[in-house]
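The following pair of complexes shares a single chain, chain A, combined with chain B in the former and chain C in the latter.
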Partner chain A sequence: MTANGQVNSGEDFGRFIDLRKGWVDRRIFSDEKIYQRELQQIFARSWNFVAHESQLPRAGDFLTTYMGEDPVIVARQRDQSIKVFINSCPHRGNRVCFADAGNARRFVCNYHGWAFDTAGKLSGMHAEYAYDENDIDKSQTRMQPVAKVAAYKGLVFATFDPDTPSLDDWLGDFRWYLDMLLDNEEGGTEFIGGCIRSEFPANWKFGAENFVGDAYHAGWTHDSGARATTGGIPFPDIDMENSFHSSVNGHGWEFGTEGVGDISLLGSPAVMEYYEKLRPKMADRLGKMRSQIWGSVASVSLFPNISFLPGISTFRIWLPKGPEKFELRTWVIVNKAMPEDLKREITKRVMLTFGPGGLFEMDDGENWSNCTTVNRGEVTRRQLLHYGSGISRRVDDHPILPGTVFRGQYSDANQRLFYERWVDLMEAKSVKDLPQRPEPRMTGRETRELVGVSAL
Partner chain B sequence: MTSTIEDRASRRPTLELIKELEQTLYREVRLLDQERHDEWMEMLAEDLHYHMPGIETRYRRDKTDTLHDLSRMCYYNDDKSTIQLRVDRLKTGTAWSEDPPTRYAHLITNIEVEPTERPEEYTVYSNFYAYRSRNERDEDTLVGSREDLWRREGDRFLLVKRFILPKWSVLLSKNLNVFL
Partner chain C sequence: MASTYPSSDGSVVDRSDLVFLCPVDDVVEGEPLAVEVEGCPPLAVYRIGEQYFVTSNVCTHSYSLLTEGYQEGDQIECAVHGGTFDIRTGEATAFPCQEPLVTYPVTVVDGRIGIPTAGIS
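For the complex of A and B:
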């Protein structure tokens, strides 16, 4: 920090949080220089979520999205692989594709008619005689590809940095939790058609940290939604003994073990019935513990900006658009094996509860935007923010739960560990050197094959 | 409205009918702007379908129907019972994002009335411009078109169907706690 509160590049970002005392410096939510470093250090080097495989079933299917603020095209190839490349023409830099989704054999730039195949390679151009023989090496001219693309059970991720650890290492033991969403039934998951996008005048981290661990806000912020859907009953008190925060590499899942809290928020008896019938099969598949966690009051974020509510079926990313702005993109994720009418019912209910006009969602934006913009005050932003809840409730060596575990769902534990990972990325010269937080228990790729899993 | 039977038969709405439906649309948004939601609910038919699709930008050559496919994500895909839940939320006293209250103004324009196969039901097209302001300087405007089905019942009209076509792609607003 300089005297006027500006951040120098190469700064010690650890000074913005204190895990031991439990505070976060509010300047990380509004400072332009910190934001630019986040784009460099975090978004250009993390595994960014770019698609669900089900969105691109056929060769030529594509969608457009962002990795940080970089626009990318995500396209299914003829060999079934998925390629990701920057949506900008190498000639003058114009944006090439303007559709959110579709099917294409090629992408053509509107400016000079340069055409690219579905892998982003230059395949032709308008009036090619403009170029003499040695002017351009067409075989080397292309829209910039990302460094790596990888998928985990349907979710497709991409990174711009070749040194980013493998997706399996990046997710680490968090895959044990993720499988509750992605692998609770034979056939896996799919996205429902469409994507609802909305813009918030708020810092992207407020969305991510809310889902990573903030069960605490639900009973207050969303009281009106709870009462409306239950005929006047507020959220029940949390069972602090049998609920947890778990964090792996900054990803976090906060959860109860009562099994029904999140599912019941959807307010659909048909959905409840489906999951109750599935639960014993889930126990066979993923073990008893995971079948009990599934459907409980819970929320999840994957570092840095991917979130979902297990059992409620909303899946989303918080795309950064400046220090005081993010774009929320939401999808509905369902099991492929579900009957079509149940998928429809879930889709309706997700939008009723967690769409922009949703009974729960609509009270979040006010909080996040005001948490952000109030920091325009020079003196306001000097005050450190309190992140101390549950700071002494760490559970060492839980016999079942992987990750860094804290007891009690009302806690700032996952949020603190999210910001610990934020510091890791902000300070790391190379992402090769990222520590595993904590040391992983899993060795193989498949969490269903963990020794003794069905007994758990 | 004694002369309307013949007019319906000839399937041409009278000026009087058009005026009556226009006044119905204006009254509806006045109730919304004044947060008189119970009275607004009384204008909704029991078999209401209230639909606003999400918007996906696609090239002209792409003929995918993203607007009317109800299996896709929609801002609203409601019947009267789920609209009632939204109204109930506002009455809980803990809808924090509405306290202090939002200031609303709906402008309704471009009203056209067309007869339907059923003599008591009319298709009504309109455009809306909905302005919202909150607290110090939060504001947004939502613009779009609507295709309604209104049903005469006694001396009033009930809203049976509303298809709201928003003109934005990314909703430039942190929520949509407004009826359009």
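For the complex of A and C:
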């Protein structure tokens, strides 16, 4: 198959993806117009991850991050709410806060001394006599707030679009899966240590689609890393009968049910022991099936650019910085209830495996970078890319697993469904009209209570 | 019953020459109190240990009430730009504040905080 024609923003993006046959047009990884359209249609309208609540425990605690390419300040208020607003002065546009994180009583712009409270509202200016009575309405002047902020079990999200569906609807039945990370033990989770940032000369979607479903690369790309952490044992063959891809609204979790694959990659007996003791309690809390999925070879992305490895404890976002560059931000996520020495052990092991110089992290960047730059080639890009693995393995009406389920962990299913959601957003005039993919089973329900449907 | 009392600046003042702002019990260290009295500019009342102080409540840099800021020991930090003043003397102690604050000698009479009527413009 070949791809032809000019890229035109504002129309048929479905032609870049062939879900039925399993093809993806290479131009989505480097075309500047498509990238600009992604910023407008996807990042300006999605629920972007902005913080874990544990990063902002006290009033005045703040951090700076990005929603798409828009810089934002995320700040805890005196009333305990979290406000998110664009880190740009409404006077000349200068960046107001230059720190990564901290505790602040105010934010003051470097340029003319315009001062803002921790909610982003203008509180005063230097030499205010420059303004006559009717020159400026201070009460209406502020750093631009986002439309909505919401949290799911510790993860804080924000969106610029008031029409974006509620966070519960956006996550939908994927909450059933997320609870394995966020609610597997009383007390929930926290981020520990700081944020590690690194830049990759690659398209942001390569990170997101890798984590959404690509178990397949691990046995080849990460062979040396796996042997290093397991004492010489190569990546195990996958049980294709008892492993799955599951997708909800473009979010995807690929997983086995053997319970130990990902945990063992940390190479820490103490971590293995902790989770083995926790597993029966997790079965009481979340049901048997989820307790068996947890810790297996698995990877996860939330649409559009949030990823984590359950059991390995790296949590990350792929921030777009142009069609051929992204900034990776990573944190270590642990259970609050864990003993302090175990949290330190996990942090160390995450650095060894998925830090910027980690045994596994280094393997991926080079592949994604070459995928990006090579796909740019004038003739190269006319050939469509193959995304057809497991295309006929859909499992309809799985008795336990919510979402669109495909059998077999080595598969392109979640990747195809990630790109289906990409098309949804790229084409939707209003995010009010976004379809649920698939129809949810659990709307309005607390997913932790769904333990009745848990026999394997 | 005595009608003269010692003031915080060392002078002795007559009760009838004082305007009373609030009971001392209303003033908590670290939480300066804004006081509005007929005929007075906005005032801020502070406690440091067992002592009480009164200053103008308006930052001399750019309009803001200092009681919306942050007291740390004998310093008051303006909420807006973070400039500071010495609560005891009114001296401007951090950028961007330059002009000192007006301060008022405090006399405590029967558990109430008073400042001289004559000091009010």
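One rule holds in what follows: the second predicted complex is superposed on the first by the 444 of 456 C-alpha atoms of A that agree within 3 Å, B and C clash if a C-alpha of one lies under 4 Å from a C-alpha of the other, contacts with A are read in each partner's own complex, and residues count from 1 in each chain.
Rule of thumb we're sticking to: a residue touches a chain if its C-beta (ideal position, glycine included) is under 8 Å from a C-beta of that chain, and two chains touch if they have at least 3 such contacts.
Keep in mind that what you see is a predicted model, and the values were worked out from it rather than measured.
Undergrad: Look at A:Glu128 in the shared chain and tell me whether it touches chain B only, chain C only, both, or neither; answer first, second, both or neither.
TA: In the superposed model, A:Glu128 contacts chain C only, not chain B.
Undergrad: After the superposition on A, what does A:Gly193 contact: first (chain B), second (chain C), both or neither?
TA: The first partner, chain B, only.
Undergrad: Output check: A:Ala115 vs chain B and chain C. Expected answer is one of first, second, both, neither. What do you get?
TA: So A:Ala115 only meets chain C here.
Undergrad: With both complexes overlaid on chain A, does A:Arg106 touch chain B (first), chain C (second), both or neither?
TA: It touches chain C, and chain B stays clear.
Undergrad: For the overlaid complexes, name the partner, chain B or chain C, with more touching residues on chain A.
TA: B
Undergrad: What is the contact status of A:Pro236 with respect to chain B (first) and chain C (second): first, second, both, or neither?
TA: Neither: A:Pro236 stays clear of chain B and chain C.
Undergrad: Once chain A of both complexes is superposed, is A:Glu340 in touch with chain B (first), chain C (second), both, or neither?
TA: So A:Glu340 only meets chain B here.
Undergrad: Just chain B (first), just chain C (second), both, or neither: which does A:Gly322 touch?
TA: Once the two structures are laid over each other on A, A:Gly322 reaches no partner at all.
Undergrad: For A:Pro162, using the defined touch cut-off, is the partner it touches chain B, chain C, both, or neither? Pick first, second, both or neither.
TA: Neither: A:Pro162 stays clear of chain B and chain C.
Undergrad: Both chain B and chain C contact which residues of chain A?
TA: none
Undergrad: Going by the contact rule at the top, pick out the chain C residues touching chain A in the complex.
TA: 61-64, 70, 77, 79-82, 96
Undergrad: Per the contact definition, I'd like the list of chain A residues that touch chain C in the complex.
TA: Touching chain C from chain A are residues 105-106, 108, 113, 115, 117, 123-128.
Undergrad: What residues of chain A sit close enough to touch chain B in their complex?
TA: Against chain B, the touching part of chain A is residues 98-103, 192-202, 221, 223-225, 227-229, 267, 327, 330-332, 340, 343-344, 347-348, 350-352, 355-357, 359, 361-366, 368-369.
Undergrad: For the complex, give me every residue of chain B touching chain A.
TA: Per the touch definition, chain B meets chain A at residues 53-54, 56-59, 62, 64, 66, 69-78, 82, 85-86, 88-90, 92-97, 134, 138, 169-178.
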